[in-house]
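To start, the structure under review is shown below, and the notes come after it.
Each chain gets a letter, A, B, C, D and E, in the order it is written, and its residues are counted from 1.
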């Protein structure tokens, strides 16, 4: 009940301010585009670093977009209403995470292969890239949400969130970039994808509880 | 007068909340450390991408740290006092940019060679890296300050600032990373360093005026 | 109504930023009463209401809701809290905002009638961003007509309302108390002689 | 004092969020006067003062400071503005905050005496974070004793002050007007019969 | 028997969970712990650095092990204990647990940094480079970041009680993460390059080297315990400075 209502509300909100969906996507593309400029435009080199670069850019894009997950709710007082409602916070937190991923994470997943192509990633790897991003980005959103729940109401900006959350992103980065490199080199990928899926399951089940606890702590609980 | 006073004030403020100096530095190191994890720990590969990676990380670290340049002044009302003072805003703006660079940019410059070492950048290139960062990061701070002055008071978070500012950072990235690669390959670097110096001079003379205008616009002028 | 109190606090004490806001608050509130929490700015009115609502956990002493202790229920089931901030998202319409609240409270109700009663007929599907502060406040307060809860915790319910609005809300509070509810509100405005008060900000908390 | 007014507005009008705050404001203020800007919350008091201070540029009509027009000076030379927010950085001490202000205003003065006069002796070198709201306000208001400017624009100068503080400030405002200055302040508090007022928030701006 | 042990444990838990009891008895404890810690650390270090035999392969450079290993293992232990304290703080809302986290984090970060620096210094003579992206080194670096994250969070939240609770949650999440990081980094290492470098030598360590190592490890652990207790006491004094018992205790 509170789950469906929250998902619906988040989607509605996103329709009313589409910039919040599009901005992270632009940021993602922009960070990836820095690498041909900063490293080298050579195809052989780019194709080798492509998995890592795309994943690091995705990490940062998710991080900065998730920063706003509770900002407007906190400032309008809607978050307080959520906290006093006689409902377990787990479901609304899960709903917010999923809706946020749908709106900001999924677009990243979809342009991922395009960016892979631009960085000369072998075409054979692009379906793996898509799949890896599909399994990995919700994990990033979920873990990021924990960090945000702890910093809600602080005026510290994105850098504090980055310090809290980036170390927690390492496993996703390692397996996510690893599996794409495997695919690019023609190695089997199922094992690593399974690990990414396991991380996804674990984070989606545990993170909402942590987010709920974090929100209560930040409200002064 | 207002220049010296503002520099002094900013340094004092920084002494009272050292986290704002240290956090960007850690962010810088952390983003750099993501690349061996995401791309590969192999020395040969890392040494090739090192200049680009270090510069992209520096770009992002400056961006996120400069985000807070006017936040506390705006919220406390001190910014208003600055705007109504019978002083040209150019000097205080320059002072804020320089002080902010001294406090957050200079540490990046100093750990740059260390990170270069960790990414197996040839030791012969590390003095060029230091010099390039020394010339380039103040430019980044100055350009970033323009973006911040336009978004002061908006609660949009880092992502909007990134969209405004990252495209303007491209020249610094290209020349900054380029010169380090040159040095790593034993090519002459003076020409590119001169360009970086020219960018620095141009941005330091023009940016304070733009920041001053931006602050007046954001205050409702 | 039994004579078991609805709310009972024992030696409640709260400190913020190294300053004691209140201490030794032993307060007993029963069904059918209206309590005003009074005191100057910064005295801790909002903090006290947030403690009772379960939003602020840094206090000493304790409080209970004895009338329901037996049933072992979540006190939130019984509480309606309206904060300082209206809690409305500007992008959503009053109707959409209220529907989300109703879903959170697992209640079914039709907000249209209540909105009309508060003079918001015609504004139900306009984004809240284009409502005035008073109108936003009315949207939030329409919950008093919609949601069915025995205890109301209201932080500054009268701000931004005009005289009509104030009368309307006063009437509603009286009605709720008369039907056996408990109203606790913070405000400088004492609208009825029957309203009892907790005064913060002095040397000692004053109960009357 | 000549009879050229210090401040003259012509058909000043301001709109915010699609709502007209005031319109047709033709207001003439002379040296030696104290003006209160009155009106309910959200009426536009702060906005008007910010317009006069040169902080808010979105208005129609115009205003001038005729007594100085000839000299072609920056009006900011003549203005002291104290906003809603005290403008003090929490990390700095009162002294450090004031010294920065003095540098901005290119004035030399010793803030110690003024701080002492406002009851802040002993607090000069304590970070502002550990001052109470009223004490912070006093630090900001100490500028009235320190900086030498003919026109004062004060937004809600009396908030957070206790009765003593209010008397002290009232006295200082009277003194400034008596010595040929102009005081414009926004507040609900009219402390003297000689105080004239601009009332916003009605159908029409009321000048008296 | 078992229930008696359990009872003792719960009694201790409740006693040490009260700031007042903690303050009183940690003072007594420290009086013994400080000398012990200093003696053990000095013995271990002096023995190791000056008297233990030189390594037949590495010569004297190996002696840094007597700082490196104790620091590295104490940093790991510190992080785990932070996680345990976080869990206790979150689940049972125990004030002392939050205080402990605040006490552990800075010294843990310093130890992690010491392990990294001594490892780097040691790496030059043995591996020919100060730094490689080896699994163990990388995970130590990440652990330093995790420590710094906790410190940054504590610094950013003005209310100390709230900061303590937030840090509890972050440490619990962090500990879960450390386990995953460990495996992921090992896998990442084995993928990208053959283990050319080994942090742990295969050869068993002779007793003349092992005993000073164990003693200096004990010393660093004790030193860690002392700093944590001292920092916890300072924090208690800050939080409870208005309470009567503290004034009496300080008389």
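By our rule, a contact is a pair of C-beta atoms (placed from the backbone, for glycine too) under 8 Å apart; a residue touches a chain by one contact, two chains touch by 3 or more.
Computed from a predicted structure; not experimentally measured.
Asker: Give the fewest steps needed to get from subunit B to subunit C, where each step moves from one chain to a chain it touches.
Answerer: Each step joins two touching chains, and the minimum needed here is 2.
Asker: Looking at the contacts, which chains touch subunit C and subunit E alike?
Answerer: A
Asker: Using C-alpha centroids, which chain lies at the maximum separation from subunit D?
Answerer: E
Asker: Which chain pair shows the largest tally of C-beta contacts?
Answerer: A-B
Asker: With centres defined as the mean C-alpha position, give me the subunit C-subunit D separation in Å.
Answerer: Spacing between the chain centres: roughly 37 Å.
Asker: Could you tell me the distance, in whole angstrom, between the mean C-alpha positions of subunit D and subunit E?
Answerer: Here subunit D and subunit E have centroids separated by 56 Å.
Asker: Per the centroid of Cα atoms for each chain, what is the distance between subunit A and subunit B, given in Å?
Answerer: 26
Asker: What is the distance, in whole Å, between the centres of subunit A and subunit D, each centre taken as the mean of its C-alpha atoms?
Answerer: A distance of 48 Å separates the two centres.
Asker: Hey, what residues on subunit C touch two or more of the other chains?
Answerer: Residues 58.
Asker: Identify all positions of subunit A at which a residue touches two or more other chains, and write them in rising order.
Answerer: 75, 156, 160, 163, 166-167, 170, 174, 220-221
Asker: Specify, in ascending order, the residues of subunit E that touch 2 or more different other chains.
Answerer: 142, 145, 148, 152, 156, 159, 162, 185, 188
Asker: Okay, what are all the chain pairs that touch?
Answerer: All chain pairs meeting the touch criterion are A-B, A-C, A-E, B-D, B-E, C-D, C-E.
Asker: Subunit B touches which residues of subunit D in the complex?
Answerer: So the residues of subunit D in touch with subunit B come to 50, 53-58, 74, 76-77, 79, 81, 83-92, 96-97, 99-101, 103-106, 127.
Asker: Sort out for me which residues of subunit A touch subunit C in the complex.
Answerer: That would be residues 1-2, 4-6, 9, 12-13, 16-17, 72-73, 75-78, 80-87, 92, 216, 219-221 of subunit A.
Asker: Can you list the residues on subunit E that touch subunit B in the complex?
Answerer: My answer: residues 130-134, 138, 141-142, 145, 148, 152, 155-156, 185, 188-189, 192-193.
Asker: Residue numbers of subunit B touching subunit A in their complex, please.
Answerer: So the residues of subunit B touching subunit A come out as 23-24, 26-27, 30-31, 34-35, 37-40, 45, 48-49, 51-53, 55-56, 59-60, 64-65, 67-68, 71-72, 75, 155-160, 162-163, 166-167, 170, 173-174, 177, 181.
Asker: Considering only the defined contacts, which subunit D positions touch subunit C in the complex?
Answerer: For subunit D paired with subunit C, touching residues are 18-19, 41-42, 132-133, 160.
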